[in-house]
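Heads up, the next two complexes both have chain A, just with different partners, chain B and then chain C.
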Partner chain A sequence: MKSMSASGGAATPSGAATPSTWRGLAMGRSGGDLAIATLLGLGALATLLFGEAYWLLASQVAITMIFALSVDLLVGYAGIVTLGHAVFFGLGAYTVGIASAHLGWTEPLSGLLLAGLVAAALGGATGVLVLRTKGLGQLMLTMAFASLVYEIANRAKPLTGGADGLQGMVIAPILGLFEFDIFGLTAFLYTLAVLGVVVGLAVLMTRSPYGRSLVGIRENRVRMQAIGTNVQQRLLSIYVVSAALAGIAGALLAQTSQFVGLNVLHFSLSGEILIIVALGGAGRLWGALLGAVVFTLFKDRLSALDPAYWYFWLGLLLAVIVLFAPKGLIGLVDRLLSILQRGEVR
Partner chain B sequence: MLPPILETHGLNKSFGALTVAQNINFSLEPGTFEALIGPNGAGKSTFVNLLTGLIPPTSGSVILDGQDVTALPIEARVKRGMVRTFQINTLFNSLTVAENVILALDEHHNHGWRPLPSPTLRRVIREEAYGILDRLGLAPWGNREVKSLPYGRQRLVEIAIALALRPKVLLLDEPAAGIPSTETGTIIEVLESLASDLAILIIEHDMDLVFRFAQRITVLVQGAVLARGTPDEIANNETVKSVYLGEGIHA
Partner chain C sequence: MITAALTILFHGLAFAMVLYIVSVGLGITMGLMNFANLAHGAFAAAGGYVVVMATRSLGLPFWVALPAAFIVVALAGAVIERLVVRTLYGADELRQVLFSIALLFMAIAGFTVAFGPLQQQPEIPAGLSGQLALGDVEFPSYRAFVIVAGVAILAALWLLIGRTRMGMRIRAAVDNRNMAEAIGVDTKLLFTLTFALGTGIAGLGGGIGADILSITPTYGQEYLVLFLIVVAVGGLGSIFGPFLAALCIGVVDVAGKYLIPEFGAFFIYGVVIAILLAKPAGLFGVRS
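Now for the complex of A and B:
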């Protein structure tokens, strides 16, 4: 990761031969995608075999990746902006938390499904309103809904535990077989498996006519309507899908940590996930996934070194990326690969 | 004569005290290449916007293929065969030429909701897209990003997207706008060669083109139809001459 950042700083920021937006994302044949997928796969394998100290961290990474992917589908592909996506993440977390602590619903897989459905329902209800606006209006509305739900969760102490967090969650063994262990192996494999399914479906979706139509809407909404697309419906559908995925990510966090705190609904989480997508490269699935890994590891390392000031380094990293690699880390990887392959800097 | 594919009955549009469309009764028959002309501010674009559903009329109705579509949104009218191009290129700029057409084909064939890819389907659609590009001489540029094409060629992509939707009515808003007059002939020739069961309404400022190619001409002045007829009739219409064409124009 270090070498990539370094080369990005040195290489000329402009004029890189980049594939068309669509070829990059719909065909998925860009070298960067493959390289990152390989890298992440190897990373996961190495962590599994040699990194037992990092299993818990790795499951956090996997959860963040799912969350980032949900936001990238919305922001990067469909061009909808949001600064309130934590509302769906948090709702998913509270759904499995409350179902477990208050209703005794401890089965994890059906819990995920339930969380996805509840988040999707909220996505549908708020999406209708959010999508009436564009740009700044969208930003404000998504923030507004997230704040509302945050305060509701804060006040509904009997249900959520308020600021103390939700205690007393129990999660049953996965499929009745695999109990969550203190080393986090089950949590790691569980989140990895869910991540695999989600990424697989998302990759297929982005290469489908549906996925391409979202890019079309982002590129030119007026024209999409002029070729017969009901733009509003199409956008609402991805809003709901994205909300469901974010809800599943939140549910995973609640299940693997067997605790839910108010921070899962906090504004700063909505901001962080947007940073992650921008860092990795918006509009590219593998960019968002890489961004989630880099960000989470960065945060873990830097906050261990200096818990108070790690945001300084995050800010610096983000500024460098935005200024010198506007296509994000995946843009850097693409460029690096084209340099390696053709031995030229264009 | 075939029944009209597109009609308007008493179409009116006012913004407060400003009337931009006045009792427009219009009809377009299949296989017709008709031009809509008029001085700047005559309400030509407003008329097209009323037809496509971008703005609702104050009163009156739009009939497409025998059905009243006045209350339908833009995309529903497109689905029923009324397709437009834009005066200023309105394309998917960072996609390739072929991808622009493929998007339109996907929507036309109602694949837009398919959440899973299908290589077979994609191949079929791709071939269809290249068939359309071929007709417009765009096939060699299929893999180029739209924004890297010269403006004139981008104008043809506008038309390619429209053709992908298999229109019954094609509304062309100044298809030759912004390109050198030496090249405008190419575009009109392409349009002329289009299917004979297609009805085309073209807004165009270049009177040479209009009088050379249009079968019928509608003259719009201050939101109202001033005259309608063949190019000869229009060229010899005294009112049209005095109000709009001036003395220099002869067919």
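Now for the complex of A and C:
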């Protein structure tokens, strides 16, 4: 104990510089980001090496992480609350699904791009309208648009397969080399690679002046307007980016499962992804990523037992988080780390 | 032709009244406390279950079961408001939305465990189970009762909000909460009473409307979009706005499904998007 305090005391002045260098590279203001990033990286590595049975689940987790990131950028950073983001996820899934099943477009990477573009186009079109309103009206519009598209997908049976789902999808090997295998190794590595790119982009974006201006708008819209920010344009642009990322996540789900069901457009998915972001910690990229992992793993375990129990525990967990830990899991990690650090210095 | 129009109008009206009875309380609480309560439908479902249990298991008459639903659900609403909802007034929208979703999920799980996943029907009194002939067109008389009940609740609310001291306080607090507090309105008590009233009416609506919006554990999630639409289109803090909105939506939906079934629920969402874009605060909104 004594030696620890001595070394801790000596390390503090020089040690203080190290985390800030890290922060400069990729992380936010707290140590929680770094801890979670390390943990997630180790988890992915362990799954790759030892968790053969979990590769398929792991690709699901990675897809949920991308979706959660897209929602966190919108809700956590820019402060636009949406109850209909599944519309972009589902549109991305149906885009690659329909392109493959009806048009023979089976190349996966260009499929992702196509899905992102289509989702971005819908994001632009609805974003212009959604962002004209605020508060409850905004929630309602996002919900109404999502319900409308759900209805369309449900009715357009020849194109989407309706309630039976879209079957007959074929996805070509990635880069012409890696075929999707039954163990899900290709799916896992593929989704992981896309996740890596998306996280990289999101980190850069949130640390850029553009990302900071979004936080500024969330915190004080009027002041940002007063200092010359084109608020409406910024919000629309993040709406489009978020839609595109959600579309890519949906496309990944369609490609790795080679099936698209109506549930990708359902309201409950829009609700779930919002829960994931809040669970992890809204407004923190690594929070959303952590939330996606915890949520998907819990759901996999608990809903296998009984859906009613799953709903109960999910509700209880969410209520506890909202009432007692509004900063989410990442807030708890931060607090834990700061307690540990204080203990060490003393 | 006229028969079809009458049928559409009748069933549209009945549907509209159920929507109104369930949603009106949500609009008042949202307008007064600024609390986005997505669990509102779960209170309506709870009322539905009270009526089902009272008429089926306890063998109580329907006319006793309905007030019981109001009282039980209003009490539950008051307790939940006192314990938790209160701490979230003034919190940001995301937290309110998430908390009420949490409440909704727990209610769904609770209903499933207690009553099973299947649909439940309350027992309707013999006097209302027949048909009502209007010229050469026949209507189910229960639905006529639903229409009457909807209008009666509108009238009762109008008297309560427009003519009583409590209603005056509610209106004052919706318009300007700080000012109302400054002149001595006990808003804490007022909020609890209003939340209880709003959820109680929803419980009543769940019981009365079980014939049209069937009582299942996921009731609060399935019809949530409809309830929110009525409130958003009608405007927060108003009792007439949601009435007109429910009329619009009920009749348009029934007409759409009857005349062009392949388009399903398109019409509702189309109308809603159009109205919200033209008037973001709703038809009669005090505030957006």
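We take it that the second predicted complex is superposed on the first by the 313 of 346 C-alpha atoms of A that agree within 3 Å, B and C clash if a C-alpha of one lies under 4 Å from a C-alpha of the other, contacts with A are read in each partner's own complex, and residues count from 1 in each chain.
As a convention for this text, a residue touches a chain if its C-beta (ideal position, glycine included) is under 8 Å from a C-beta of that chain, and two chains touch if they have at least 3 such contacts.
Predicted, not measured: the structure shown is a model, and the values here were computed from it.
K.L.:
Please determine whether it is chain B or chain C that touches the greater number of chain A residues.
P.N.:
C
K.L.:
Does chain B (first) or chain C (second) touch A:315, or do both, or does neither?
P.N.:
In the superposition, A:315 contacts chain C only.
K.L.:
Regarding the shared-chain residue A:178, is it in contact with chain B (first), chain C (second), both, or neither?
P.N.:
neither
K.L.:
I'd like to know which partner A:208 touches here: chain B for first, chain C for second, both or neither.
P.N.:
It touches chain B, and chain C stays clear.
K.L.:
Once chain A of both complexes is superposed, is A:151 in touch with chain B (first), chain C (second), both, or neither?
P.N.:
second
K.L.:
Kindly classify A:222 by the partners it touches after superposition: chain B alone (first), chain C alone (second), both, or neither?
P.N.:
Only chain B; A:222 stays clear of chain C.
K.L.:
Mind working out whether A:234 is in touch with chain B, chain C, both or neither, as first, second, both or neither?
P.N.:
It touches chain B, and chain C stays clear.
K.L.:
Can you pull the chain A residues that chain B and chain C both touch?
P.N.:
On chain A, no residue contacts both chain B in one structure and chain C in the other.
K.L.:
In the complex formed with chain B, which residues of chain A make contact?
P.N.:
20-23, 204-205, 207-213, 215-216, 219-220, 222-231, 234, 237
K.L.:
Contact residues on chain B for chain A in the complex?
P.N.:
Listed in rising order, the residues of chain B that touch chain A are 52, 73-75, 78-79, 83-84, 86, 90-96, 99, 102-104, 106-108, 111-118, 121, 145, 161, 164-165.
K.L.:
Quick one: which bits of chain C touch chain A in the complex? Just the residue numbers, please.
P.N.:
30, 36, 84, 87-88, 91, 93-95, 97-99, 101-110, 112-113, 117, 217, 221, 224-225, 228-229, 231-232, 236, 262-266, 269-270, 272-273, 276-277, 280-282, 288
K.L.:
Given the complex with chain C, which residues does chain A contribute to the contact?
P.N.:
Against chain C, chain A makes touches at 75, 81, 83, 129, 132-137, 139-141, 143-145, 147-148, 151-152, 154-155, 267-268, 271, 274-275, 278, 282, 307-312, 314-319, 321-323, 326.
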